[in-house]
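Read through the structure below, which is laid out as structure tokens, and then see the notes.
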Amino acid sequence: MVVVMKPGASAVETTAVIERAEAVGVSTHPIYGKEHTVIALIGDLTKIDRSVFNAMAGVQNTVRIQEPYKLAASTSHPGKTTIDVGGVIIGGSEVVVMAGPCSVESREQVLETAWAVKEAGATILRGGAFKPRTSPYSFQGMGEAGLKILAEAREQTGLPVITEVMTVETVDLVCEYADILQIGARNMQNYGLLHAVGKVRKPVMLKRGISGEIKELLMCAEYILSNGNTQVMLCERGIRTYETATRNTFDLNAVPVLQKMSHLPVVADPSHGTGARDLVGPMSRAAVAAGADALILEVHPDPDKAESDGAQSLHLDQFAELMGQLRLIAGAVGRSIATQPEAAVGNGRVKEAALA
Amino acid sequence: MVVVMKPGASAVETTAVIERAEAVGVSTHPIYGKEHTVIALIGDLTKIDRSVFNAMAGVQNTVRIQEPYKLAASTSHPGKTTIDVGGVIIGGSEVVVMAGPCSVESREQVLETAWAVKEAGATILRGGAFKPRTSPYSFQGMGEAGLKILAEAREQTGLPVITEVMTVETVDLVCEYADILQIGARNMQNYGLLHAVGKVRKPVMLKRGISGEIKELLMCAEYILSNGNTQVMLCERGIRTYETATRNTFDLNAVPVLQKMSHLPVVADPSHGTGARDLVGPMSRAAVAAGADALILEVHPDPDKAESDGAQSLHLDQFAELMGQLRLIAGAVGRSIATQPEAAVGNGRVKEAALA
Amino acid sequence: MVVVMKPGASAVETTAVIERAEAVGVSTHPIYGKEHTVIALIGDLTKIDRSVFNAMAGVQNTVRIQEPYKLAASTSHPGKTTIDVGGVIIGGSEVVVMAGPCSVESREQVLETAWAVKEAGATILRGGAFKPRTSPYSFQGMGEAGLKILAEAREQTGLPVITEVMTVETVDLVCEYADILQIGARNMQNYGLLHAVGKVRKPVMLKRGISGEIKELLMCAEYILSNGNTQVMLCERGIRTYETATRNTFDLNAVPVLQKMSHLPVVADPSHGTGARDLVGPMSRAAVAAGADALILEVHPDPDKAESDGAQSLHLDQFAELMGQLRLIAGAVGRSIATQPEAAVGNGRVKEAALA
Amino acid sequence: MVVVMKPGASAVETTAVIERAEAVGVSTHPIYGKEHTVIALIGDLTKIDRSVFNAMAGVQNTVRIQEPYKLAASTSHPGKTTIDVGGVIIGGSEVVVMAGPCSVESREQVLETAWAVKEAGATILRGGAFKPRTSPYSFQGMGEAGLKILAEAREQTGLPVITEVMTVETVDLVCEYADILQIGARNMQNYGLLHAVGKVRKPVMLKRGISGEIKELLMCAEYILSNGNTQVMLCERGIRTYETATRNTFDLNAVPVLQKMSHLPVVADPSHGTGARDLVGPMSRAAVAAGADALILEVHPDPDKAESDGAQSLHLDQFAELMGQLRLIAGAVGRSIATQPEAAVGNGRVKEAALA
């Protein structure tokens, strides 16, 4: 960190800064320029609060040189982290596709979608049982009944399940049913929840908040990692900007930026990122081309009747067509789309019987 | 709501929209234009999900005409809501000033600040015992010990206390000590927490998220109101924009906009809004001039040593000077700064003894 | 357009709106709801100023249903517009790559780069002779001397030239040398300049401003088109958001959105869009995967010594490697990278002699 | 400036940076930390291009310590700059109010408005003869005929005139009629135009672009100042954010920030800043409370019929009422509203005769 003193800062003020830094075991290197004195601080700064220095008399501003997250930084881990979810590897050479409905609405809807996305080549099933909704008057999700339906779909199809956990009180409950815990965008900085999922031993997919900076996303991952859970993946799902032609601005740049700054796998969510079915195809192809480790996509057997997010959900046949395109793009960047592991074949019941 | 069909939408598609709307008891008025057919929906639309219609075949987009919140809207309440906090009225003709440290750090710090802000004219004491912090390595607050210190300060000075509640599990605990529950910006859309504070009978101050739209803030207030708690005040505390000269962009426009759209009292937080001590004075004066019902300000006996937000905290003497200026501005807009009610005099101990 | 009256608007106010609309030849359809009266306006609305209605007594707001641009809209043109630049077709099935230095700095620099990008497969040469710079103390470009160098490079290599025009006074001058006129992001809404390039008969590439909405970009294209120049292409080059990990937020979503809303060819500029060399590769691949008709890329023989934008310029060998990757991606989406037309072979001098 | 080397940067890379800096006469101070080497550059850095260093091998990033503008910075000028416009002083202890219609539409409209705002206490007349409009199909202003009307209004009322200049070619023409040249938000970075108005000897009011950073606004002012025109005032008029409840987000924080960073007078434009008549009153009061040196306000005798910006224009009587409120606020912050100088009384014709 560098502390920049104001032009005309007094020697007393400069000394106060130096003493304060040295009091916490940091060595200091003052440089006396024509207009400013600048003090470089060298040592372990993770516990230093910049605002303390910003607020000291005679200080103009401070400049961070090292990032304040450690465990999430690419420098802390040799190579990339890979996460094994029932034999599906996220963060490796293969690109994983997670797909399913936005909300769990009924047993039939989930089972039909699960079988369809499995046949098209998805290897993880998504679906929400607890739904954060903008309006208190909207459908709020099926709760535990929804989790049971997801578990049944997993049993039938062999697809591991990712689903959102919204509150500390339901972490244990969701852990009983889910293979990956999703932290939604609105909860990116819900520190109590981050702390709680840091204590469990399930993979976590942490979504970037709609106004989350990339470095804040990494700091939030650090909350989970520093509590002991090393299986964290990061998800770009669109940010809020002035542009209204899309529901959000899907910030695909975050994919290569995160790949560079961190060792954690990076997931792209073009469904929420764009909010429009027509854009999900092009932006999914773009996400694989940009280097995403996984995609998470909303698919519904009848999107016009979906309880939530129908406008951004793919029809089953659109999803199948997209999977074919993604295989070509993955090949063009030297990767392939992950396929279901041999061992994960579901309970052996045929689809037709299951859906009967 | 108006549903705009695509140019060339078929009669079947148009009929499907009409039938779907009428199925939920809404009457429809189709208008056949040269390029588009437009269908106006008339009736109670609060439970209609626009995205359902957006996703239907042949639909180009939908346009909202009535706002989806009801209880928070100015039309739902004659005149303004006023909230009585131990005799201090928020939302009336007087402007209320809440002041105190960002974090509770020690008994001495809180008592010294409480007496000082009381003497300068504040009528509510602020202070955080549970602190949401960006870094897991930063000071996270004193917890219940901090709440006890705030309660002691109230007993001595007679100032009611506002403090943040961050999790559902601690709502009851915070209610034991606080006079106003604060929901922080990061939790604006933490629906579980909004639900929980909607069930208690304490006033709540709901802060706008850093990427919260004004109408979203009102929808979040609706979560609390629709759970039965009518004592809600709204707080502008800065939004995230591209501008970096200030920590946030304090959106003072929200004050008159909220006064127009809602009957709930409006609080301004220039400390977090600007993030810089030098700007707190001008923007506090501006907030009163723009019509805020209350201000919440960070004050610290030694900001350079504050555990959090030192850079935006006023010194005790700066706060006293500002109070004088605010009285003049309040007078210029036909209001005055609220004074401590006769009945609320604290426990009668003199300040000197209390601090000894 | 729909005019929404306030609850309680009087019959006189409603009649005034109806009469005003009908006075300009628009037919009106009032709908009387429980809370609001809504008036639908049907007819040619391109010359109607919404703010006039917004400001009328009793009006709550107005809602646009048709877009205000006509010539730029996809509905105005059968299929896509293609632009022929010396035999290179932009907007067709092939993806065109434009490449070259940010600024023209010297004859050697331009010729070396031109030959290198030609050999790697680019078919259009970019380079700036007039440079808009944030600081008045920075290098402002070589002016006409720079244009002459670009023309010489075209003569040698046969590559058509795209270069920026910044002022109305220099439109004629730049037309003498350039094959495509570039309007930079800062000038997107410089209406005098748009008017001037609308009068010439050269293709124009219009860049989106850093705070330009997509619909504003189309309105600016409308300025050029309505002055008679039909050869307009649109360029996404990054927008300003709160995120600072990238210089701008390259809004790749704009590519499929523009393809849907307009018939004009869409160009992506990942160099300015991201501002960082490491990100140009992934985002170029993503842009082709998302459906861009062309890329414009900054390439420099020695980026560390570039007068401008060195940090985002590719080295010559990086560019050649990227071209190979782009061919694979183009193939994966059923397109190919455009190759130089037979007729455009330059002046026949061998590269070695030219550079000697 | 500080250059931060990557962890593991080689001695050769570090030396290259040092040599490059010293080659342009800047002295260097390398500091060798545990993870990074950091090189402080001391000396005159205004002509150094940071991106050159950013792009060098082994460099992680660079950090600016001194601002790149000099003439606009508060450090370059003792006290504040004051600008004398026909005896009206902008930047002194009095707050100046400029008022008038958005567009010049007719002689009657301008004269009626000019007399009304003069009587209410405005001391400068605003009005646009050249109008930048989003749509090519909207009213584009009366041009020189409009300038003549403004000049006649000045002659009658004695109010100096501020009007926008949009192009380099019309700078001389506008100078013939105007007392202050306005550079509009869309042209903040139109460097050709900034250069041109830097060469004339008329005061210039430079508006912040809707996505202009405060430091960019100061750099644009630097373009004018460095060309020799020292009479520059800065105007906040709203920025583009995600919030849509207001047309723009009027960033009032910019007023105290600019007062601190620069010696140039600061003007606030709540009409464009908010885009809504109801908000102009509260935000005008707030702007004076926050320390603005002047306000510029849109006033129209019949806003419902205005050719542009009717929705944000005050009625004549609203403006008169607001002036009374502003006098009270100015008094509360120790200032007053400027009154017309004795010498500037117009041509002595009585208003009634003039308007007959």
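We call the chains A, B, C and D, going by the order they appear; numbering starts again at 1 in every chain.
Methods note: contacts are C-beta pairs under 8 Å (C-beta built on N, C-alpha and C of every residue); 3 or more make two chains touch, one makes a residue touch a chain.
The structure presented is a predicted model; accordingly, all values stated were derived computationally and were not measured.
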Subject >> Fewest hops from subunit A to subunit C - one hop per pair of touching chains >> reply: 1
Original post:
So which has more C-beta pairs touching, C-D or B-C?
Top reply: C-D
Subject >> Whole-Å separation of chain centres (CA-atom averages), subunit B against subunit D >> reply: 32
Original post:
Taking each chain's centre as the mean of its CA atoms, how far is subunit B from subunit C in angstrom?
Top reply: 42
Subject >> Intercentroid distance (Cα basis), subunit D paired with subunit C, Å >> reply: 28
Subject >> Junction residues of subunit D, two or more chains touched >> reply: 211, 240-242, 244
Original post:
Can you name the residues of subunit C that touch subunit A in the complex?
Top reply: 211, 213-215, 239, 241-246, 249-257, 260-261, 273-274, 278-279, 282-283, 285-291, 325, 328-329, 331-333
Original post:
Hey, which residues of subunit D end up touching subunit A in the complex?
Top reply: 2, 4, 7, 29, 31, 33-36, 38, 40, 42-43, 63, 65-66, 75, 240-242, 244
Subject >> subunit A partner contacts - residues on subunit B that touch it in the complex >> reply: 46-47, 49, 51-52, 54-57, 68-69, 132-139, 166-169, 186-187, 189-192, 209-211, 216, 219, 222-223, 226-227, 240, 277, 303-311, 313
